[in-house]
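Each of the next two complexes has chain A plus one other chain: chain B in the first, chain C in the second.
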Partner chain A sequence: MNIEQLVLTVLTYGCLYGVMTVSLNLQYARGGMINFGTVAYFAAGAYAYAIFTQEPPSGLDQYAFGFNAPWWIGVLAAGVASLLFAIITGWPTLRLRGEYLALTTFAFAEVFHSFLLNERRIGNGSVGLSNVNRPDFSVIGLEDKYAFATAAVVLLLLTALLCRRVLASPYGRAIDAIRDDEIAAETVGKDIKRMRFQVFVLSSVPIGFAGALYAMITTLVSPNLFTAEVTFFVWIALVLGGEHTIKGVVLGTIALVTFEEVVRSFHFETVRAAEIAASVEHIMTGAIFIMILRWQPFDRIKKKRAAA
Partner chain B sequence: MTDDILVVDKLTKRFGGLKAVGGDSGLSFKVKRGTLVGLIGPNGAGKSTTFNLISGVLPPSSGSVSLNGKDLSKIKTSDIASHGLGRTFQTPRAFPSLTVLENVMVGADSPGERLMPVLSGAWRGTEAALKDKATEVLAKVGLEGRLNETVSNLSGGELRMLEVARQLVRDPEILLLDEPTAGVDPSLQGKLSSILVDLHKEGRTLIVVEHNLHFLLRIADAVIVLQNGELLAQGTPHEIKNDQRVIAAYLGDEYAA
Partner chain C sequence: MTLIAQYFVTGIVTGCFLILATIGFSLTRRVEGFLNIAHAELLGVSAFVTWGLNVKMGWPFLPAGLFAIVFTAFFGLIVGRIVYDPIRKLGPAVLLISSVGVAYVIGGSVDALVGTGIRSLNIPLATTYRFFGVRITDYQMIVVALAALTGLSLAIFMTKTKTGLAIRAMSDNPGLAASRGVDVQQTSRATWLLASGLAGLAGVMLALIATLSTDIAFHQILQILAVAILAGLGSLYSVLLAGLIVGVAMDMSVYFIPAGYRPLIAFAVVIIVLFLRPEGLSGRKSK
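Showing the complex of A and B:
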């Protein structure tokens, strides 16, 4: 086991997924909106980055767009793509609550996945877009792996700061009030539709940036990287971290990524052993998830603190 | 500006085939500025539904409600509060994740509830004044010692006081109170009564739904009586006390002269 590689991977992917859990925390734990389509905003960002930074199509290329833009334009495009996708999906679902919103956002994400899989002109269909451009970190004298880990940490910190700024303000107080009781909040002048929509859209933008970073790291965007599994991973991390607090959800995500990476970093002698390890990893993640839902340890800690 | 602050005109509400408010011809009444009006009627008379229609919680089937000459049916529910109308609920509604103080602070329109001032941090200067105002209204309703408690620690009566405080921080011109004394012990009832009288003296218009007629008729300037969603009677407390239709509606035909 290479400890340095493990730490870097955990830091990079932990922070990358952490951006999604912190955003989801704003949407769900504070805004009361269940978004089961998180992966779609991530994919929108990744694809937008790839499309904007790749070269225009030539020869046998089946994709239709490539703008050969610098990496920072690609990152901006990723944020805008995620924002636009949030506007498109958020507007018609504003009136939906609870499981209805969960199902609709899940459906939106599946439609988007199917679109990416079948529409070759945008993302090259099931093959995806490979050799995605990376920024040249040599100008700052940093190896790619350190640069990406740093970028992921910075992105997570910025997302956490943004969320904290929003939640620690009267805006956050109003969001809490709306989640607690919409009718009472409305009768004291809170525009529920506006605020819910803003939270939904605002929290999607960092997910788009995370998508861009993911595309840079993997240098590949393809539909099979953006399945519902990503959404559920983020949700498990959110529950694992105990919802509500930014620190909690970040720790939950880092813990889950660490667990998965530790299992993956073991050297297995046979393919069968690796398969068993992968299955055990999934079973254990599921078991932890169920245990937390069953015994709700974070709620108990919170109640004990409140009582003290 | 006319003398009537609130005009309810041919208002009806139907739930499926059920005529909850207004019957066939619609419910109409006017409320004079600065008066304390009692809205009474037997259970199921449509009092709370009328409040829901006035405050925009429910859309009317037909008819209109005007506040200071402005048709409220054309205004978003959240904007009705900004036009100076506040209300409380039959079952007190609090925000359990917020403290008592925050429950009141959230009642006000803070610049920090807009995204741009939040992102720029421009709201910070306004928070101290809002906190002072919220503390002041909480003292007015007798909750000054409970500022940082969660609302789950409050009794039913205290929750009603909290609702009143949450509206007072908005400084409403007209306040609709739905059964403010229900579940409130006698000592708090006295406090509530004096709060209502003070609000009335400040020149606010109050409409109070109340089953405690002894309490209401003592403080009201005018009383509106509903039965089966329709206007049964309207007049001064004295007139209503002696109205045979009202006596029959409340006590049965055998008590009416």
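Showing the complex of A and C:
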């Protein structure tokens, strides 16, 4: 097992998924909104980046647009795409609560996935877009793998800072107030509908950036990279990290990514053995998830600390 | 014209299967008060138990199917007791999220035991009958008959038997039911048995009419959710109508739009219903 490679992979993907968990944390733990369609915003970002930086279609390509733009325009487009998608999906759904919101966002993500799969003009359908452009890091003398790890860390730090800044402000306290007691918050003149919408839209922008970075790293976007599994993965990471603090959810994500990468880095003699290992990884992830929700160890630690 | 009629009939069969798959889900939602995402995995469990007994052990289909239903019923009961009972006080959102974990564990276990690949039961090929140019196989007719029978017997069970009455009382007001002498624990267990048994029945039907692969369960949950929402979460009788609507809409859509969008119809239904009439067909306000 190559330790350096493992650390780099964990750092890159851990921070990448960490961006999503931190955003989701803002939506769920602070805004009280269950978003079960996280992957759609991620995919929107990745596809926007790929479409904007891709060369115009030629030969067997079936996609309709490729703007051949520089990478930073692609990244901006990714943020905007995610923002727009959040506006489109958030505006009608946010009046729904709890499980209904979870189901609608889930439904939207599935619809989006189905469009990516079936509408070949977006991104070649199930084939996806390959050879996605990467920014050239040789200018600043960094190897690609270090550069992407750095980029992921920076993106995560920026997201975390933004979240902290927002939550520490009076605006953040208003958000908390709405989550704790909507009627009381409304009585003191907070526009609940608008604030929920703002939080929802704002928190989806970093997810779009993460999508762009993901497309750069894998140099491929295809529908089967963006399934509901990603959403569930982020949710499990969120719960694993104890739900409420930014530090907690980031640690949770990195722990989960580490766990998966370690399982994957073993070498298996047969296909069947690898298959079983993948299933066992699923079983263990699910089991840990159930146990954390049941015994809530993080809340207990927090309470103990508060008591001491 | 015949083609449209054919799609319509296939849609009815799909709808009847969806009814079987959704009733247990709605029952859980109504009595236990949460959306059990792992419900579809129970269909997978039942389908693969049937497959294992039928193909690997050489049992005839009928005993294999019956065993699978009973096995799934008790399996669901055990999962309910071990996982969901202790966390019920944490509220429906936590239960919903937990059930995703349960779905992971069950799905992973089925994957590990069965492995990938496409499988089918060791049963005679379906015989096709023609009525006015519309084809229907005998297995499809079994699904329709069983859906009708299940709807009927569930109605009788819920209105005539003591357990059925207890389930209804508990779903409307657990506190009041308990104070009027309904054994809440026992009723909850009966619900888990019944809901999981119905999932088992749906799983056997799935094995009968479809080819099996281990990701099949996940595809079902999407459609189950669509039917349950259209019916109104937690209502039972409107599941019958909602199942047929979603089934027919999905299969008839193939006539008008590319077949790849067929699963999308179910979700279009979810989104439209939640916008226009969040309480669903039944009109029951959800708690």
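One rule holds for everything that comes next: the second predicted complex is superposed on the first by the 308 of 308 C-alpha atoms of A that agree within 3 Å, B and C clash if a C-alpha of one lies under 4 Å from a C-alpha of the other, contacts with A are read in each partner's own complex, and residues count from 1 in each chain.
Quick note on the criterion: contacts are C-beta pairs under 8 Å (C-beta built on N, C-alpha and C of every residue); 3 or more make two chains touch, one makes a residue touch a chain.
What you are looking at is a predicted structure, and each value in this text was computed from that prediction instead of being measured.
Enquirer: Contact-wise, after the overlay, does A:G189 reach chain B, chain C, both or neither (first, second, both, neither)?
Expert: After superposition on chain A, A:G189 lies in contact with chain B alone.
Enquirer: Looking at A:L202, would you say it contacts chain B, chain C, both, or neither? Reply first, second, both or neither.
Expert: first
Enquirer: If you stack the two complexes on chain A, which partner ends up touching A:I3: first (chain B), second (chain C), both, or neither?
Expert: So A:I3 meets neither chain B nor chain C here.
Enquirer: Which one hits more chain A residues, chain B or chain C?
Expert: After superposing on chain A, more of chain A is contacted by C.
Enquirer: Tell me the contact category for A:I140 with respect to chain B and chain C: first, second, both or neither.
Expert: So A:I140 meets neither chain B nor chain C here.
Enquirer: Figure out whether A:D180 sits in contact with chain B (first) or chain C (second), or with both, or with neither.
Expert: first
Enquirer: Given the touch rule stated above, what does A:L96 touch, chain B (first), chain C (second), both, or neither?
Expert: Touch partner of A:L96: chain C, not chain B.
Enquirer: Chain B touches which residues of chain A in the complex?
Expert: Chain A residues touching chain B: 165-166, 169-171, 173-174, 176-177, 179-181, 183-192, 195, 198, 202, 306.
Enquirer: Okay, in this complex, where on chain B does chain A touch?
Expert: It is residues 55-57, 76-82, 86-87, 89, 93-98, 102, 105-115, 118-119, 121, 123, 127, 130, 150, 166-167, 170 of chain B that touch chain A.
Enquirer: Using the touch rule from the top, collect the residues of chain C that touch chain A in their complex.
Expert: Chain C residues touching chain A: 34-35, 83, 86-87, 90, 92-94, 96-98, 100-105, 107-109, 111-112, 115-116, 218, 222, 225, 229, 233, 258, 260-261, 263-264, 267-268, 270-271, 274-275, 278.
Enquirer: List the residues on chain A that touch chain C in their complex, please.
Expert: Within the complex, chain A contacts chain C at residues 34, 92-93, 96, 98-100, 102-104, 106-108, 110-111, 114-115, 117-118, 228, 232, 235-236, 239, 272, 275-276, 278-283, 285-287, 289-290, 293-294.
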